[in-house]
Amino acid sequence: MSALVIAGLDKSFGGLRVTSAVNLAVEPGERRLIIGPNGAGKTTLFNLIAGELKPDRGSISLFGRDLTRMASRRRAHMGLSRTYQIITLFPRDTLLHNVLLSLLGLSGWRWNPVMRLDRQRALVAAAEAALGRVGLAHLAARPLAETSYGERRRVEIAMALAQNPKLLLLDEPFAGLSVDERRDVQKLLGDIPRDVTIVMIEHDMDVALEFAERISVMHFGEVIVEGNRAEVVADPRVKEIYLGE
Amino acid sequence: MSLWGILAVNSVTFGGLLFLLSAGFSLIFGLMRIPNLTHGSMFMLGGYVGSSLYLTYHLPFWLAALCAAAVVAAFGGVIERLLLRRLAGSTLAQVLVTLGISLIVADFCLMIWTGDPISVATPPALAGGTREFGIFFTTYRIAVILVACVVAALLWALLDKTRLGAMIRAGVDDPQMARVVGIRVSRLFTIVFCLGAGLAGFGGFIGAPILSVYPGLDSDMLPLALVVVILGGIGSLTGSLLGSFIIGFVYNFGQALVPELAYFVLFLPMVLVLVLRPQGLFGRLAP
Amino acid sequence: MSARILALALALAALAAVPWWVPGDYYISVSSQILIYAVFALGLNVLVGYAGLVSLGHAGLFGVAAYATASALAAGFGHAGAILFALAATLAGTAVFAALALRAAGIVFLMITLALGQILWGLAYRWISITNGDNGVPVASRPAPLGFALDVPAHFYYATLAVFLLALASCYVFIHSPFGVSLKGTRDQPRRMNALGYHVWLIRFYTFLFSGFLTGVAGILFVYYTQFISPQTLALTSSAEVLLMVISGGTGTLLGPIAGAALVVIVKNIASAYIERWNMLLGVIFVAIVVFMPEGLVPGSVRLAQWALRAIRPAASARKAGTS
């Protein structure tokens, strides 16, 4: 059973077709990269998979479970986590608090109006562990606003991983990072076990090509080319898209 | 028959006054994205200032109306430049400031003009009326309707035919893009705010022979402006015009037919529109 | 931590001793009024400060509770029955408010709540057969729980104080609970919260109900305090006043609404004896706070105090360096 199957996905805004008959199948544990020029519809595809947008046509299924009509908040419960191009976390709160919110999202405790959250040792310990996974346990009490961009990106990944996702969507995780920070995130992603399937959108070719096993190239909302690294790099259509003819 | 006739005439007249009130409100909301909660106070202030000019200083009626409009427009300009501009970027803060100012203006009016309602007699030139189709039309009410139509035509010409109007329409449609294209949006804000205030002040005085001027007029009129604009569409002049007349009818007939539920009949459509179709019947922009 | 507990204990003692150190029955009544509006402001702040949803219609819900109590009493119900009826009616009204207003956020939410508040005011004003219109509905007597007659201002004050402390405690628990934390999350990043698996609409809905409940409690206290309810209580200016209390005190804090309520009630009741234009003063204070101290009096005062301390400390350490 494939981890993610997208069949015939269409989305238009008014007259503009942003997603055009997209078919995609990602295998469990795979590292899939989605590339394409700006405006190709990559983030829109992520928004459709995550449920923030409803498709006009087509279907999306996660490990055989049809997600197409499912509310986006429920997809998190089905094992889907994502990060965003622009980091939108909680700047006034500590790193620990940010991760706690992530853990709480899937927990039944989130409806409890009487418990004291910061006294729940198990949750707090799990949050600290999640921060440890990304090497930020020492900054647990630091407000997010006082951390660097690279650290925030790692917190975001920690939050996504804290929900034990089956499918992780990463939207340009390397954007805006320094060389060192890029290395840290690269290592982080490399350490993620194979029970998490990863689909990544990226512009940074060097890092991305190293990471990817299969690559889907998008242009004008369609998947133009799909294959492994060698196949995609050699494909004349890819050259045309990026260099123009 | 004549009761319906009278109600109909009153509705159209009230609609005309509502248009003077809400056209400015709609433009301000459309361009600056804030519901100006001082708008009712501006209407009332115009009524008070105009009344003083007309009754105490014996200015001719229409001159008093124009001066009242000018005074309220100037007041609007001061608010916009001194306070609203400081809070640019936070629409909530701007809305709250307009709320605070409405409290100040209300008490200021109470201080200067005391609590007694001021009734302004119809100007002698427009007193009396005619009888047509079995209905008695007071000349003044016809005059108000005509004035409202003239103002509507002038506003339409301003928006459609002038460069300023084009800039306003651009600002309503897409403020960021307007800035990029080089339109001095902040100056536009001041102009539109003054224009809206002036219209409201004007309406407040020429409405005085019909509604009189009293403490609480601001609280009575503001919600109506809101209903008209929400129904008609934020930033849409056509919507304000049609909405004003619709609400004029609903308000008057509602008071006459179902007095207990008059407000309900008025506000329920507004709530429904906000919930189901926030851009109103004619507006293109969702707040 | 112990300094805070000490401050809290002192405050509690001061509140409990009000009938002794406050000069006369009139001021005891004003103190009760402050506490009643503090409960109202706490209720509104749950929505404004913690959910990030600004309502201009809460006076409508406040009025529903007051009218329901007065009407039930007039219909022959006992106090307990009237209070339960009022709470139920307020919750029902709140549910309707929430279902309609939560279709949107931001300015549209504000306008829907404004309109709904106006509808309730209009009903109170016009539906004379039920509400007696402008004449209002009187409340003949206050309850006497366990023989403790609340007609005496000091007694009524203690009853109000007890309710206020319960309301404050419930807010404290709520804010620090997982639900409260997730609520603040929806205020700051609703889209992210949705992606994390939270049901943002439902969180806001339950919060609205809690806010309405506290507002209802305040409304019931109010109608027993004034022993009268009229449509003016539901006017837009009343909703504006309680919003002023929340904004001026500081949203997103527990003490803010209390400070704001005290400020507004004191200006209205006590300053009004010395300053004729106290309404204008309220408006000026409102505008000044929104423009100059938008975070409100409580956080703003804390900020000022910290700045003042920092200004004093360098002088102190310079003196120290000079002597050694």
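Read from first to last, the chains carry the letters A, B and C; within each, the first residue is number 1.
Going forward, contacts are C-beta pairs under 8 Å (C-beta built on N, C-alpha and C of every residue); 3 or more make two chains touch, one makes a residue touch a chain.
Not measured: the values here are computed from a predicted model.
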- Output for shared partners of chain A and chain C reads none
- Chain located farthest away, centre of chain B as origin (C-alpha): A
- Of the chains shown, whose Cα mean is nearest the mean of all protein Cα atoms? C
- Item | Centroid spacing, where centroids are CA-atom means, of chain A and chain C in whole angstrom | 42
- Message: Rounded to a whole Å, what is the gap between the Cα centroids of chain B and chain C?
- Response: 33
- Measure off the straight-line distance from the CA centroid of chain A to the CA centroid of chain B, and report it in whole Å. 50
- Query: Can you list the chain C residues in contact with two or more other chains?
  - Reply: none
- Message: Residue numbers of chain C touching chain A in their complex, please.
- Response: 173-174, 176-182, 185, 188-189, 191-200, 210
- Using the touch rule from the top, collect the residues of chain A that touch chain C in their complex. 50, 52, 72-74, 76-77, 81-82, 84, 88-90, 92, 97, 100-102, 104-107, 109-118, 159, 163
- Message: Per the contact definition, I'd like the list of chain B residues that touch chain C in the complex.
- Response: 33-35, 83, 86-87, 90-93, 95-97, 99-104, 106-108, 110-111, 219, 222-223, 226-227, 230, 259-264, 266-268, 270-271, 274-275, 278, 286-287
- In the complex of these two chains, what residues of chain C are touching chain B? 54, 100, 103-104, 106-108, 110-112, 114-116, 118-119, 121-123, 125-129, 235-237, 240, 243-244, 247, 276-277, 279-280, 282-284, 286-287, 290-291, 294
